[in-house]
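In what comes next, subunit A is part of two complexes: it sits with subunit B in the first one and with subunit C in the second one.
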Partner chain A sequence: MRPFSILVATACAAASLAGPAAAQGAPSCPKRGGTLTYSYHPEPTALSTIATSAVPVAIIATKFYESLLSYDGPELTPKPSLALSWTVSEDRKAYTFKLRPDVKWHDGRPFTAEDVKFSVEKIIRPFHSRGRVYFGDVEAVETPDPLTVVFRLKDVVPFFLNVFQPGEAPIMPKHAFDGIDMSTSGGVRSAEIMQKPVGTGPFRFKEWRKGSHVVAERNPDYWDKGRPCLDQIVLRVIPDGAARAIAVENGEVDLAPMSGLPEAEIQRLEGLPRIETSKKGAEALGPSMWLEVNLREKPLQDLKVRQAISLALDRSRIVDVVWYGQGTPARGPIVSANPTYFNAALKPYEYNPAKANQLLDEAGYKRGPDGIRFRINHYPLPYGETWLRLGEYVRQELGKVGIAVQTQSVDFAGWLKAVYTDWSSDTASAFTHNYSDPSIGVERSFTSYNIQKGATFTNSMNYRNARVDELFRKASREPDPAQRKAQFAEIQQILHDELPVIFLMEMSYTHVWNRRVRGLITNGISMYSSWSGVWKD
Partner chain B sequence: MSGRARGGALRRFGRNIPAVAATVVLVAITLTALVGPMLYPVDPFDMVGRPASRPFDRFPLGTDVSGRDILAGLIHGARVTLLIGFAASFVATAVGVTVGALAGYYGRAVDTVLMRATDFFLTIPSFVLAVVLIAIFRPSLISVTGAIAAVSWPPIARLARAEFIAQRERDYVQACRALGMSDARIIVVQILPNALPPVIVVSSLLVATAILTESGLSFLGLSDPDAMSWGYMIGVGRTVLRTAPWMPAIPGMAILVTVMCINLIGEGLNDAFNPRLRG
Partner chain C sequence: MSGALLLIRRFAQVVPVVLAIATLNFVLLHLAPGDAADIIAAQSGGSSAEFVEELRRSFGLDRPFWQQFLFYLGRLLMLDLGFSHVQQRPVLELILDRVPATLLLMLTAMAIALALGVLLGIVSAMRYRSVVDALVSVLALVVYATPQFWLGLMLIVLFSTTLGLLPSGGMETIATDMSPAARALDIGRHLVLPAATLGLFYVALYARVMRSSMLEVYGTDFIKTARAKGLSESRVGLNHAAPNALLPVVTLAGVQIGHLLGGSILVETVYGWPGLGRLVLDALLQRDLNLLLGILFVSSVLVVVANLIVDLLYGVLDPRIAQR
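Up next, the complex of A and B:
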């Protein structure tokens, strides 16, 4: 088993060494020039995934920032990016990356191993929402010379080569953080670079007019000569879903990624000859949608109450009516599309309002004279109309079992603050990505060591279960696939039963774009990739 | 104004056929808002059927994007829409008349301070100000009513002030002063009834403006998210404007008819109170 994996790693490295050389020699763009305009709502709150890894931020930030690796295909085969090659030690506890020479930051300064060490130790590990999961076991980052980085791990991290994605482990310039207090998240998240990115990616920051657009322009000094193919990428801010759809229809906007349009409009646009739609290119994301529940206080602290909420919501109705059939009722934290780790023994959640009423009675929350047992607030995710419809459905159904839901309308920044900083939401609709491995995408939401004020898409619920912590910790280091599978199966069963969040639906992304845009779908994280090879006919 | 003159106004209003017809329709709409939810007890937020089914199919007016009964929405929405319209207009009139009366009656420094404050509100586009106020106070029925009232009172204040200035030196006011009547009594009992007719006209038109403002706000998703209103229905239907045009059109017609009725009534009142202005 062991020698084999080392062989794979080195073979990969050898193969990929030949890859870019060939790509650089040949004309890599069928056509150069042009502007790709895309639209996604809401507008990003920052231009770095360190500030928040939310979808609108991750789409644009991955054009400015790169990581050590990039990935091919739906299964995310690693290939060189900022690292030219890599080797893995026999005990799988040391990863040595040889960096690409002559790479420059957008401000002209040279990129070195020091930037990698600084980014991992000072920025990603403490401040990225999944940073501790990725680099918590990194004992030391060594930089023997300016073009070599060695990661020494305390334990085996089975998914370590999956970590170096541009949105997940973005390498940032050390010199941009001179004079910034690196000890607090406030200091780092309010740094100027969060709004004005300086990266190594194929596109550099040109302009961000809040409420209108973000412009990224070609990086003329990009290391991959001949790339990027496009002159510009423009993010147009169009808050209204119908207006976004019209903009895509008439060619004003080239792309609406990741189900960025109301589902009804996607179905309408699908039939148009100039428009292409695809569900491909998001295989490594696995979006899972749920109601995030605040467990700090009664009555939501009460398991029976959460079970009642779960029973009161008809998941197939949510899929069919709110999402126009685009999704699958959720059974737990890991999406059923995950071929390796989904626990197929999980029972589908039942829809049974009568039982919900009974559970609430048993839990001691009797209906008052007005028919109301208790009141909670609900923060719908401010990502557009579909989420408001979900919020209305939740309010309606919970109202029937005597839970009065008060909807709070806030903008995206206000939503992030209420849910992840103030912890003042009782319930909020949210979705997170499983990513290519449950240790990457699932662990961060349910472990007690990831209850972090201010870090977005973490354990906002205050869910604490020592067994879950232990299992996640074990699984993230477990070299034996069968053991890992068993550990994740147990985790799923516990979370399925304890309902730290009300699991609702596995989403399914549809990207909608104009046919003149080519080369968009390259891997399982296509919208979070650099788009250096995307071109326009 | 004497009882006879008032009777004349009523008679003149009665001869204004469009105004009378509008009154009948508005009374019908108000009755629907009051008792309709009892006669048609379908929860407007309940998903009762397939989304976007056509009118007269299974439901009288079809269903919206979430499969909710549009007729139920229309009936329940009438409540919220009219409530906000009348409440906001009432509050705005009360505030406007108070400010205008004080400024007009006392003049000088009181007038200057109150009118500059009024000017301040008049310089900001009212819809934008309403949006800002609601953004600050979070959307709810009370904040929406308050915001609409807050942007609607200045014209009433100006009008009331002008009326009070015209009245305050009249002989009957002087006589009251000579009799030793208090200022408050003179303002409320003596001048106000004479200053009121034009204010009533403007304030009735204000109901229409308030309904339109509320519709605009809820169209933008800035109204109480837990209350069904016509503007909200348009906002929801807008996303499917081209596949299901009836969805925004039905509540749109309701707003059109209501606002038109109120405007016709306002016109009628104006003609009734100011017969000289008739062409």
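Up next, the complex of A and C:
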């Protein structure tokens, strides 16, 4: 074995000497006990992010499952979790994780390096929706002893230490898959463990009454002694948004995470003394909303037309009126809350209908006798009335500059097919996540090698720019953080100017909770974290 | 015709009706663009085309339409409702999980509606053109015109938020250990608002129908005879007119079973009641084909069976029908 030089392990080495509890670096619980009840709709369809990493699943599954690392702060500074320490080789192609000893699965069996190898190779890489992005470059996973795992990479993956999040790379017990057909996603997704989780996390599965609730109870054998602070976490299923808001107001529900309430209700509850709200704690998800524009045909191929559409839409109004203040006008593909890669030099987009008219005239699209320059269709994302309101706003504003917009009403499956398989939409409202690194969440939408029929939330626009492709490829292999930052800055400037989509709004994931609940916001994936330190007054 | 013969004849009619409904459901659901594989991939934040194709393959959605249809029919004939790829559980298990909650809600709502509706109808008819009659009629009209969704939210605001008397939703208090009696009481407390919301609309409907049916019966000869015999007005109303006026209400109740199931989708959504109605909505939004087909099949059977029971009830209420 070649020698490893320790690059990243200083903090964790110190922590490992101080013992497991101190390794978490957090004070013990100010108060122990109690049940935290939260509500989010829709109900999860599984309790593992391998089955689907949809928001409702990720919130609850991350209380049962852990990964090798946990994270601090919005920038996701890695810290020990199932791994006690780690080292990175000089060429950044080998990562060695020393695992925490004496960790037990919820069924009492010991956790070992074999579970990590099995999870990455047999479950996460083939079956997690982002598994190939995270571990596609892993050449081998070695387990020299039961408490050591070595990942050997084909190439440098600069975001590799970001991926060991409990929702993105959950470590699962190898023994739970005995007798399961591991060759198809159907076999794995229908395994019993997807419905009745067995993890190492601070909470273990107690009960799931479909349509009503999920109960997670304290794991008495949790490795972080003294944690978790709470006795139970209950997910209550309340499908109606207004009824959910009333339950939070009544105190029957303690928390509505991830914008789990209608925007108008969030605005109403923000004024109540016993309610606290925060838009923090989702920085590493970075949801961004835009209009996807089909660039396959004229007139939307024409940059001047896209600039005109951009000028005709008032982003402040979209934020304040359509979204009840739950967002920020977008300036490009990476959200401004990203503490590392947002390019602050990007200019805010202007609202100027007169200039929009002028650009459309210059582009040769004169108004006809009926005042219309051309007609396009628009597919609002069928995620509820807010998106329909946005569709109405787009229709109204573009109508003012002579673009007749016909909105199409379809359900989610129909919308996905029109936008990502048939490519039959001219414009569609959509939102995607930046995730913890632009190579994970942003690259897929703007590179020509991600123009794939049938692949959801990819480059549906048919945007092709060789420079953008080159920069994204370089950045995904770039070991130097400063160089990487410069590459992403240039990408943002190009996309800001070329408008392959009309960037509209950085969405907010607003969490609403009862002030009795403390310690919720800890990092950029706060709702996808273990909540072992969350307590109730 | 004897009761048994009637039952056999009705049953013979039920089979082709249910099969026709199943076929129609299958065809209609396949006409809609998109499928569950797209949705699962998209809800996971997007994925590659290979990932979506692999999902589609493992769900059997890549097979030609006719193959899927024959496979579905074959399964159905063996009463196998298939597997929900979205929920990762057998469809029958999912449905059976939810049926008790929906039946409890529907039957309670129906009981409230029938008891109150018939009572108000009788009172209204017996006090024809009085203040009570006018009051019942106006109230019935207002309740009939009130959207269930809104009524549900208003009842929550009044009884849960303002008065704090009843829980705002759910079917029971979660994660507490209770004796069976305490649990039954707890479910009862949770049931009050959703059952009232679902039932009130039908109270209004049945009150109106019962009233007009009673008034019609009042005009018949046997009522005149009863009065001529010197029976008190209350005995004429309750013992003679009311039983004969019930037939249209029972007919209506039978027809309304399907509507009630539809109404329960809204009520279950507002109150977070873990029933079949909610499962329909979730399955629809997720394009969970097998589950949706399963629920539609079971609910069509429920409606057909309910109508069968009503047919048989006719015989009890009016022996002349059974003899025909």
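Simple rule for what comes next: the second predicted complex is superposed on the first by the 310 of 537 C-alpha atoms of A that agree within 3 Å, B and C clash if a C-alpha of one lies under 4 Å from a C-alpha of the other, contacts with A are read in each partner's own complex, and residues count from 1 in each chain.
Following the convention adopted for this analysis, a contact is a pair of C-beta atoms (placed from the backbone, for glycine too) under 8 Å apart; a residue touches a chain by one contact, two chains touch by 3 or more.
Here the structure is a predicted model, which means the values were calculated and not measured.
**Q** For A:H433, is the partner it touches subunit B (first), subunit C (second), both, or none of the two (neither)?
**A** Second partner only.
**Q** Tell me the contact category for A:S129 with respect to subunit B and subunit C: first, second, both or neither.
**A** After superposing on A, A:S129 lies in contact with subunit C but is clear of subunit B.
**Q** If you stack the two complexes on chain A, which partner ends up touching A:R467: first (subunit B), second (subunit C), both, or neither?
**A** Touch partners of A:R467: none, neither subunit B nor subunit C.
**Q** Tell me which partner touches more residues of subunit A in the superposed arrangement, subunit B or subunit C.
**A** C
**Q** With both complexes overlaid on chain A, does A:G391 touch subunit B (first), subunit C (second), both or neither?
**A** A:G391 contacts subunit B only, not subunit C.
**Q** Using the touch definition from the top, say if A:E265 reaches subunit B (first), subunit C (second), both or neither.
**A** After superposition on chain A, A:E265 lies in contact with subunit B alone.
**Q** Under the stated touch criterion, which partner chain does A:A242 make contact with: subunit B (first), subunit C (second), both, or neither?
**A** Both partners, subunit B and subunit C.
**Q** Taking the superposition as given, does A:Q195 touch the first partner, subunit B, the second, subunit C, both, or neither?
**A** So A:Q195 only meets subunit C here.
**Q** Once chain A of both complexes is superposed, is A:K225 in touch with subunit B (first), subunit C (second), both, or neither?
**A** A:K225 contacts neither subunit B nor subunit C.
**Q** Which of the two partners, first being subunit B and second being subunit C, lies in contact with A:R317: first, second, both, or neither?
**A** Only subunit B is touched by A:R317; subunit C is not.
**Q** Can you list the residues of subunit A that touch subunit B in one structure and subunit C in the other?
**A** On subunit A, the overlap between the subunit B and subunit C contacts is residues 240, 242.
**Q** Going by the contact rule at the top, pick out the subunit C residues touching subunit A in the complex.
**A** Checking each residue of subunit C against subunit A gives 32-36, 38-49, 51-55, 57-59, 83, 85-89, 94, 97-98, 101, 152-153, 156-157, 160-161, 167-172, 174-175, 268-275, 278-279, 281-282, 284-287.
**Q** Which part of subunit A faces subunit B closely enough to touch in the complex?
**A** Listed in rising order, the residues of subunit A that touch subunit B are 240-242, 262, 264-265, 268, 317, 321-322, 324, 385, 388-389, 391-393, 395-396, 405-409.
**Q** Under the touch definition given earlier, write down the residues of subunit A that touch subunit C in their complex.
**A** 35, 37, 42-43, 45-46, 51-55, 128-130, 132, 184-187, 189-190, 194-195, 206-207, 209-213, 215, 232, 234, 236-240, 242-243, 246-247, 249-250, 252, 410-418, 420-422, 432-433, 435, 441, 444, 452-458
**Q** In the complex, go through subunit B and note every residue touching subunit A.
**A** Spelled out, the residues of subunit B in touch with subunit A are 43, 45-47, 51-52, 65-67, 138-139, 221-222, 225-226, 236, 238-243.
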